[in-house]
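There are two complexes below, and they share chain A, which is joined by chain B in the first and by chain C in the second.
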Partner chain A sequence: MAIVYSSLVYLGYILIFPGFLFCFVAGMLITGIDRKIVAKMQKRVGPPILQPMYDFFKLMGKETIIPAAANKTVFLAAPIVGLAAMVVIQLFIPVISTPILYGTADLIVILYLLLIPALAEIYGGSASGSPYAGVGLSREMVTIIACELPLVLIFLSVAKTVGNAMGTGLCFSLSDIAAYQAANGSLMLKASMIPAAIAMLLVIPGETGNHPFDAAEAETEICEGMLAEYSGAPLGIYKLTHAIKTFTLTALFVALFLGGIGTGIVLLDALIEFAICVVLTIIFISLVHAVTARLKIEQLFKYYWTAVSAIALISLVLAWFGM
Partner chain B sequence: MTNLLSYTHFPVYSIMVLFLGAFLVVIAGKSKALRHIFAICAVTASLACLIALIKPVMIDGEVIAYWMGAREPAGGYAIGIALEVDALSLFFGLLIATAVFVSCCYSITYMRFDENVSQYYTLFLMLSGGVIGLVLSGDLFNMFIMVEILTFAAVALTAFRNKAHGALEAAFKYLVVGCIGSTCILAGTIMLYAQARTLNFAQLSAFIPGNFNTSTIIAFALLYIGFSTKAFIVPFHPLAADAHGAAPASISVLISGVLTKSGIYGIIRLTYFLFQSMALGKMQFLLVFIGSVSMFVCVTMALAQHDFKRLLAFHSISQIGYVLTACGLCTALGISAGLYHAMNHTLFKGLLFLAAGAVLQQTGTTDLNKLGGLSKRMPHTTVLFLIGAFSISGIPPFNGFASKWMVYQATYQKAVESGNIGFLFATIIALITSVLTLASFVKVSQSVFFGQLPEEYKDVKEVPFGMRFAMGIFAVLCIVTGLFRELVTHYLTEPAARAVFDVGKYINSMLGDGYASAVMGANAPVRTEVVFDMAGTWQPIHWLLLLCILLLAITLVALLGRYDTVSENKAALAEGKFDIFFGGEESVPSQVGGGDLFWGFKHNWRHYFSFMHDLHSGIVNDYALWAIVALALAMLYMLIVL
Partner chain C sequence: MFKNLITESTAKSPWLFHINSGSCNGCDIELVAVLTPRYDAERFGFKLAGSPRHADIVVVSGPLTQQSLPRTLRAISQVPEPRCIVTIGSCPQSGNVFKGSYSVMAPLSKYVHVDVAVAGCTPKPEAIMDGLVQATEILKEKRKAWLEAKKNGLKDGPKAETEQEVPAAEDVPASGEEVQQ
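The block that comes next holds the complex of A and B.
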């Protein structure tokens, strides 16, 4: 009986909170808010906030066309794998400072899991056989490489700072990072971590592929790149994955740098987390989106490997000397 | 000792059967079936002998000291030929025997169109016997002999398809630099013999640490460079690319999975046992530095390649860089991580080379700019290739992730413990190299297996079952070693790591209890208790379970939604509904060459790439010069440091 109960709870975690359903709602709402805010900034009316949800359900009911040149299995499996990996990441990110499912989630594992949704999109596009997808996946891969260096530096400096305080020297465990912040206040309040936090905020739009870092999709130029051949339900799942990714990355930021502010009540924390994520999205994704033009891929790469990495490196050096 | 079936005889059997097989293959002459039977029997017997040793050596922690012809040491000097098998030797022996076994299975179908196949098997078995002999050998001179056997067998096999473009050139380069390496090993051996009057590893390990002088240190440098050429680490990496590009795929598996391992084994034996120098920060720095440079230089070189096999060759050295970096840390976690990665490297790299061989056999080319879209024609090869590609890029839950994760932990832990910021750079380089590796394999997948199918490959067929079977063995091992990390570390890498830190036992098992403390006095190596604590935990089973449930749930959702497709009926095909979208234009092949996929990255690094391009001239004189310069630098460095 106990086994049945615990597996039901487990299933509940995966499917409802903080798993699939929670990600779905949060991601869709954030995307909707983002679209509305950008429209307002550009003096348009904009779609209703629930528009991404309508889009998703509509796409689920549409016909799925598989190009004759495509590798059917990879073409159809890729979006599902990407979505699954995206939700798995969410399961391991503590809600502000309360880890839900496992206490052992690890920063390096997160770093690698973040690659999987992008990789799924790359392989899906690759399998479609479209030359637009070929260009798109090339740019997507370069974007991944570009964001990887600052992310690595940020994660290492967090690991070092928390490790210093805990006496172990380094700490890659997300739950330990959460516990440290719950006891000692947010990492954001430490002077040495402020550059890392700023760098992380600059990385988020690149990771999610938002304007001006959307060279990989570039509708006006290469017809959405990797998504050029997608239609119907698989396209809907990709859109959903993108939406969840925005939420996941902002939630990761909250878990890494704003951990100390939770109340300890999980559902309330989830609401606070969501609110912070919305604010972060508005400032660092929507605002940037509304006022910039798309960068070329080599400019994007240069930006992340020089400016953003340098900011993150400051934190790492400060953390290294124990500040 | 009289019982010939006792496991103490197994090490020598595992070497003997391979050499015996080599001669039997010649005797078999023109009979194809007999030839295959001899070859397969030899490699299977060798593998079985080594697997039987897991129980006594890995689990019970025994060190098998074996004197050929029972000529045991007399008068304090070890004159006889010795084999000594500790957990480290056995670990490498098992890797090698596995790779040899799979490669032999693959060869049977892969080499069926070639001429002179009996010579191929003779050389193949000589090479395998040489490498297994090298890792199980208990004295330095026999190690040199085995190095010679394997080098010449490998050179001949590189040029085996000597009608192919570049094969003889590659073999010649390999011969020249390989000979420089072998000569270094011989010279080092002679110098040590002159000093210590013995060639036995155990005796040398007891003698050298108390007797560092100019001669022994120069011998150290010579041996180090000698084994570096076998491992192809920087600055010997260009040879690997040429050799892999020309050799048959089954031989590439041996060169990358077996020969490089013998070099790494030699370096570990040299630094941890013979000279016991790894406690010195400067020696750790040397290995970690060379390892990190190999990692990074070779991965960027790989990004610039447009030939499938050359690209894989550079990745091979890049991954060896991880192994060397981790082994250079001199911590239990580091050694464990390095050995784990060495094992994974053999598995995934073997798989990738075999996939490249399959593509070469079916299409006749490995040029990334010409290939494309093979996934519809060769679906099984594609899946197997993807498993290899995900493993080498370290995507969880495949094996590359488990070991790379340990490498990151180990380097960062070392950085924090020693307070040395250099190790921090090693961590960062390792992480960046990993994502560049991923990029490189995305490039290969896109330009060989996905993307558009060129007209001339419309009728390509899947490779025969024999080749897929051999690739399948590697693929299954890649997944198993990724998922059951704890079994691998418990039964394979941790015993081997313990052996590395237990030099005293190695000496005493060979020369009798108390020998080490009698000769070395207070300097006798003390067994250090090896602790494997890690800063986090990686539990692939949990993750896999989770992923499965999610896949199930989402598939269900997808099935309830319209995740189905309208069947491709003729009318729809005719009106172009299922064609690739071109915005109404005529369909054209992509203008982006497969070899140049990541121009956004390359553009920013153009100065670096053009510098590298000029440096790697392809002229053997230059590479020989590099070898000499590296030798001089190594001597200088070690004379200053030790």
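The block that comes next holds the complex of A and C.
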């Protein structure tokens, strides 16, 4: 009986909160707000805030065409694998204070899980047999590699700072990081962590593939790259994964740098987290989208491996010397 | 449960795919004007899609030259159902000033079912917008008809409007070859 009950609870976690349903609503709303704000910045009226939901449900009702050259199984399975990985990350990220799943190396697991949606897209794209997808996936790989280095440096510097305080060397556990912040105040307030926080904010648009770092799915240039052959429900799932990714990465920022501000009530915490995510999205995704033009892939790579990595490295060095 | 939601969403999120079939660029500019800040079609959910597979509404401009006709039809047939075809300008309707030329194959309605035709040379952005909004209503009707047919036992829904045989791109004589009238 107890097993049935606990598995039902876990199913609830996965499907409703903080799993699929919560991610779905939060991701869609954040994307909608992003589109609206970009429109306002370009002096347009802009779409309704629920527009991504309309897009998603419309795509669910469309015909799904499978190209003759495609590998059917991989083509259809890839979007679902990507979405599943994206939802699992959300279980690891504490809603301000308590995560559902936790262990000793959450951050490393998250680093790997963040790769899966992008890899799924690469597999799906290459299975579709389109030359546009070929161009798109080669660029996507470069984007992944470009964003990975600063992200690892950021995670290391946070792990070192918390680990120093806990006396464990490196601390990759997000629940420990949350506990440390609840006791000592947010990491954002620590002088040595400010460069890492800035670097993380610069990494977010690159990881989500937003303007100006969307060379991999430049719609005006290579027909959305890997998605060129997708239609109907699989395309809708990819759009949903993208929307959730924006929310996940901003939530990860909140967990890493703005922890310890919770009230203890889960629903209220979720609202606070969502509000902070919206503010971060507006400033670091919408504003950047509205004022910049698309970067070439080599410019993107250079930017992340020099400027952003250097900023993250400052934090790591400071953390290593115990500051 | 989701059926009504999907039907409602179909009219609210139409993505456009634009085909220029030998247009003089006049209508294309007007379509761009529809999408840019002054008229901002995005407030109705319109978005320009890069690939025909993502589109709901196919916008065709130009008098359908002999070279572009098979490609236009091929692109249209790649758009998933339910789809709408909107022509902009007088060219795809009648051939306009190019009518009678050996290389002009207009009207488009000879080859596929055209849902909305916006006339004018060039039509005003307001007229194009009106045509596109009408097309969203037709999209919704098509979705409803598809659901109805599914209920009545047709497994794959009604076949799309009876399409004429699409001439393959290879059938079109290469430029320079003599064309038999």
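The rule we apply is simple: the second predicted complex is superposed on the first by the 318 of 323 C-alpha atoms of A that agree within 3 Å, B and C clash if a C-alpha of one lies under 4 Å from a C-alpha of the other, contacts with A are read in each partner's own complex, and residues count from 1 in each chain.
Keep in mind that, in the parts below, contacts are C-beta pairs under 8 Å (C-beta built on N, C-alpha and C of every residue); 3 or more make two chains touch, one makes a residue touch a chain.
Keep in mind that this is a model prediction, so the values were computed, not measured.
**Student:** Hey, is it chain B or chain C that touches more of chain A?
**Tutor:** Counting residues of chain A touched by each partner, the higher count goes to B.
**Student:** Determine, under the contact definition given at the top, whether A:K58 touches first (chain B), second (chain C), both, or neither.
**Tutor:** A:K58 contacts chain C only, not chain B.
**Student:** Report for A:R44: first if it touches chain B alone, second if chain C alone, otherwise both or neither.
**Tutor:** In the superposed model, A:R44 contacts chain C only, not chain B.
**Student:** First (chain B), second (chain C), both or neither: which does A:E229 touch?
**Tutor:** both
**Student:** Between chain B and chain C, whom does A:A69 touch in the aligned arrangement: first, second, both, or neither?
**Tutor:** first
**Student:** In the superposed arrangement, which partner chain does A:Y132 touch: chain B (first), chain C (second), both, or neither?
**Tutor:** It touches chain B and chain C both.
**Student:** Figure out whether A:E219 sits in contact with chain B (first) or chain C (second), or with both, or with neither.
**Tutor:** The answer is second: A:E219 touches chain C but not chain B.
**Student:** Mind sorting out which residues of chain A both chain B and chain C touch, each in its own complex?
**Tutor:** Common to the two interfaces on chain A: residues 60-65, 132, 223, 228-229, 232.
**Student:** Per the contact definition, I'd like the list of chain A residues that touch chain C in the complex.
**Tutor:** Counting only chain A, the residues touching chain C are 35, 39, 42-48, 51, 53-58, 60-65, 132, 219-220, 222-224, 227-232, 235.
**Student:** Give every residue of chain A touching chain B within the complex, in rising order.
**Tutor:** Chain A reaches chain B through residues 11, 14-15, 19-20, 60-69, 71, 73-74, 76, 80-81, 83-85, 87-88, 91, 102, 104, 106, 108-109, 111-113, 115-116, 119, 122-123, 126-132, 134-135, 137-139, 141-142, 144-145, 148-149, 152-153, 156, 159-160, 163, 168-173, 215, 223, 228-229, 232-234, 236-237, 296-298, 300-302, 305, 316, 320.
**Student:** Which residues of chain B touch chain A in their complex?
**Tutor:** Residue positions touching the partner: 373, 375-376, 379, 382, 394-396, 401, 405, 408-409, 412-413, 416-417, 421, 424, 427-428, 431-432, 435-436, 438-439, 442-443, 445-446, 450-453, 535-539, 542-543, 546-547, 549-551, 553-555, 558, 561-566, 568, 573, 577-581, 583, 588-592, 597-601, 603-604.
**Student:** In the complex, go through chain C and note every residue touching chain A.
**Tutor:** 2, 5-10, 12-13, 37, 40, 42-45, 48-51, 53-54, 56, 78, 80-82, 143
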